[in-house]
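As written, the chain order gives the labels A, B and C, with residue 1 at the start of each chain.
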Amino acid sequence: MQLNPRQRYRLLRKLARHRSFRIGFFIVAILVLAAVLAPLIAQYDPIAMRIRFRFRPPQAAFPFGTDQFGRDVFSRVVYGTRLSLWIGLATALASGVFGAFLGVLSAQYRRFDALLMRVMDALMAVPAILLAIGLTAALGPHTSSVIIALSVAYIPRTARIVRGSALVTRELEFIEAARVAGASGLRIMLKHLLPNAMGPLLVQSTFVFAYAILAEAALSFLGVGPSPPTPSWGNIISEGRDHSVQAWWIMLFPGIAISLATLGMNLLGDGLRDVLDPRLKVET
Amino acid sequence: MWRGVIYRLLQAIPVVVIFAVLVFMLLQLLPGDPAVAIAGSEATPEAIDRIRTQLGLDRPLLEQLLSWFNRLAHGDFGKSLILNQSVVSAVVERLPVTLSLAFLSLMITLPAGISLGVLAAYWRNTWLDSFVMVTALLGVSMPSFWLGILSVILFSVTLGWLPPAGYVPITQGLWPWFSALIQPAVVLALFQIGFLARITRSAMLDVLDQDFIRTARAKGVDEWHTITKHAFRNTLIPVVTVTGIIISLLIGGSVVVEQVFALPGIGRLIVQGILARDYPLVQGTMLIFGFSFVMINVLVDIVYMLVDPRVRFG
Amino acid sequence: MLPRIPRSFLLLSIAAATALFATSPSRAQTRGGTLIYSTVGGPASLDPYMAGSLIELEVIHEIFETLVAMDENYNAKPMLASKVDISNEAKTFTFSLRKGVKFSNGQEMTSADVLASFERFKKVSTNAPLLADVDKYETPDTYTFIVHLKSTNAVFVDLLKSSTYPLVVLPASQKDKPAREVEIIGTGPFKLGEWQKDSHLILLRNENYTPDESAGDADGFAGKKTVYLDSVRYNFIPEANARLAALQTKKSDVIGDLTLDLAKRLDGAAELSTLKTFPYCQQYFVLHASNGLTANPLIRQAVREVVNVDDILAATGILSQRNPSMLYPPSPYYAGDMAAKYYDRKDPKKARELLKQAGYNGEKLVLQTNSNYPYMRDSILVLSEQLKEAGVNADVQVIDWMSNSNNLQRGTGNWNVSTTSFCSPPLLGPPQWKSTVYTFPHIEKDPAIDAAFDSLFKSADQGARKKAWFDIENRFLDQAYMVKVADTGSLRGYNTTRVGGLKPYFYLRFWNTWLK
């Protein structure tokens, strides 16, 4: 799928006209802005405690209220955008890169394929969230552990998709021609198999981004997410959970933020899929 | 045909073995060990070491792995360290909870997801389609534990209609069982409904575009009949094939939902096991879990093969 | 010269005196009924010799009994032994057993059962070192049991009263049962009925129970026990909201483990009330004395200086009260005045000075805690803010409880400050503090503490022992191996129209409790 400038322009125009893509793009752009401009948007330090202001309901001074330490929930949610988006992005990138590598590799080298796909099957026999719980507990309470754990959990799915697409490409005539002309395995992988899998890979990575944001929240809820006090949406909810009846606002707003971000990424992914690869069905 | 089935089954064996080794290794990576949980938080390192020896945790890793495989070969899944109970009986006790939850959730998902998908496809590109699809997307975008907590605040704490947590066996009455499970089941179903509605919609769109529907319409068969009799039936085939995925989503989702609603099910058992470093429990339960999962996939493949004879394995 | 054993240490005199105060059961107690108690979780094993968790011990102490038990003034009182004679420089301990005590299987308890129990304890218990110094046992007759120690131990009886890993008397038939596989047969007021792990457990009245008619009112773990209830059903409900709902909907008579916020919801209800129990546990910040920054006493002291107790208690929302000491007020070893100068310092300026003296240069100080116990996480988060005010580069790590607990006990995981609660050492007293004092802060060598502990175990004179403990506590708090946060209580709820006579001491006591 080597694109010339005209094809590229046509694709972009198609995307720009796609309604879900536009809505998704708008939501994600706002969140990215919030993450970048957090210090300008948030009125308070997201970590500083003022115990005497604890449990203030939403009001002009604290639009999302305050938590049990008197911290401003709005500032925490705004700053939390940074960590949550970073985890989503890094997981999408890492699982995309490794998944693509493994997928293309096993499409090209069939003997390697048998072993690798059994390992991938084995990894997929555990619900991703359980695998991530185990790995994060093992690696310690760092943002990087969460990213590694979630990437490992999603690599098998990405690898399968890329492998599927590469297997189709591999049977095409021009690959056969390249092979006959003496192109090396590596060259075929990089020049032909990988570029042709780019569409499905990009779509899958968008969905992984969305899952990663949800999964980070679930991990924090189960107590193995990134360490407080650095706010992530997941650990704001998890800290507010014990006060959910008396101070509902602590966990309400970060939850809305998570839903919005995931919704945005899903819409973006739907748009990409429609435009790049209309044959693809919803993948898990 | 039979060769294909046998090949598929044989292929599952290395998956299960690799799976078992992976689970074993993952647990060894975890800092801390069950002796700490058993000794209590005030125990001294010497007291913990004494328990480690009693449990055989001080033996070399390879020896532990081999002796586990050996016991598995004899049908012995081991004994939970924390529960002081055999893994099989621990799983059997909790299975009804997870199965009840999955069953109820599936009973909500299937009709809701399919009918929403059909509606959206039939009135494609109308406000109804957009509404259904946005709702479906929201369903897959909201964190289930968050929805669960909000739901408890609304229905249990504020309105007092439903119990906030816990499980009641169906033997103690249909209503107590149902009222304890309906909240987690709906929360769990929301995600699958969104997923299923999207699949049904695109499958239905494919079918509606096909010749025989056009022919039926052209012949003047009434619309309701066309949709229910011809289109819907053909839509079901791809929908049935994703049931495997839905079941696995249900199991994954139940891990978190069981925590929120304090349901003593399999997911909660594994999470407790991981957090308490209960090696035999996690190994045994995960193995049962992973094995069923692999088998579900094999079954789905075989069914697929029966439905579509072009599919071959190899 | 023989050390003189102080009279107050002997049990027989007390036993005789308290007999006079035996109460007449003429109040409105009614016999019968099943009390339903909803608690946070259930036991894994009921083997008393392996039981270190409060969840297990709470059930165990309804079923089993020890030779001596602790009263509310922290003294050892008779239970299955009617008296203890100490002789031979506190090396020989002669226990006279109460006659007519029966196990729940109807068998009478004899010295053979006591002997078998001590032997099994030595073999399987987590706390086996308690009997490491035993030279030999003797059972001269059915009701006499003698322990000979190799060296003087002035506090041996004090150690035997331990309610953690309790050395209860089991039937001799259990002698060779491996750890955690003992049959549940005790001499206590209740016996085990149905038990489904992770769901519920039922205690039944032990029809063979023989109360100690000579004992006085319930006093700590000691005193006379009268059983009114037919049975007690423990329901295991991990979610606090769900336990509260069970009480409000009358599906439960008593519930355990409430937070202050939740307990407020009981305020309106006429027939519901709370039970606030102290003593229960004590919360500390633990400072790793042999790792990085906190190996330096000046840094540790700086951490102590920033602590503002009221802010921490406000943020955690659990039942707690201020107390500077490592013990509780009625204890003869209580040193509140001395400890006060190390407590609730809230002096960041002083902390800055100490840091400067220590040559602190913005290095990372690791505060490790867990998310399974929100009060621990919340107090570490507040502490990290208080440290930042004094210019400390505090790095909070929240991990799962099992890793946190393992790191605390073993000193692994590269942490400087953590927090935990101790329940039995503050309750049981100085001898039981010993292993904790060394284990948790990971003190490598502190001759002052070593010497004082030596004197505590060897001195027969209570005055000398008291001084030894004061030295230990003073040194311990001065060096800031740990920083005391507060006494934490147990907050339970109950239905006042249903339950009578329920007076918890540390644990709930279902004896002397009836249903109205």
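The rule we apply is simple: contacts are C-beta pairs under 8 Å (C-beta built on N, C-alpha and C of every residue); 3 or more make two chains touch, one makes a residue touch a chain.
Remember, predicted model here, so these are calculated numbers, not experimental data.
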Worksheet, complete the sentence: Of A-C and B-C, the pair with more C-beta contacts is B-C
Discussion item. I'd like the most central chain, judged by C-alpha centroids against the all-protein C-alpha centroid.
Written reply: B
Fill in: Interchain centroid distance [CA atoms averaged], subunit A/subunit B, Å
22
Item to complete: Could you give the separation in Å between the centres of subunit A and subunit C, each centre being the mean of its C-alpha atoms?
Response: 47
Discussion item. Report the inter-centroid distance (CA atoms only) between subunit B and subunit C in whole Å.
Written reply: 42
Response to the item:
Residues of subunit C that touch at least two other chains are 241, 372, 400-401, 403
Worksheet item: What are the residue numbers in subunit B that touch two or more other chains?
Response: 30-31, 157, 275
Fill in: Where subunit A touches two or more other chains at once, by residue number
137, 140, 223, 245
Item to complete: Within their complex, state which residues of subunit B touch subunit C.
Response: 30-33, 36-48, 50-51, 54, 82-85, 90, 93-94, 152, 156-157, 163-166, 261-262, 264, 275-277
Fill in: Complex interface listing, subunit A residues touching subunit B
118-119, 121-123, 125-131, 133-135, 137-140, 210, 214, 217-218, 221-223, 237, 241, 244-245, 248, 251-252, 255, 258-260, 262-263, 266-267, 270, 281-282, 284
Discussion item. Quick check on the complex: what are the subunit A residues that touch subunit C?
Written reply: 47-49, 51, 54, 68-69, 137, 140-141, 223-224, 227-229, 235, 238-239, 242-243, 245-246
Fill in: Residue ranges of subunit C in contact with subunit B within the complex
44-45, 50-53, 124, 126-129, 164, 178-180, 196-199, 237-239, 241-242, 245, 372, 400-403, 405-410, 412-413, 420-425, 435-436, 438-439
Discussion item. Taking the touch rule as given, give the residues of subunit C at its contact with subunit A in the complex, in rising order.
Written reply: 241, 259, 261, 311, 314-315, 317, 370-372, 374, 377-378, 381-382, 384-385, 396-401, 403
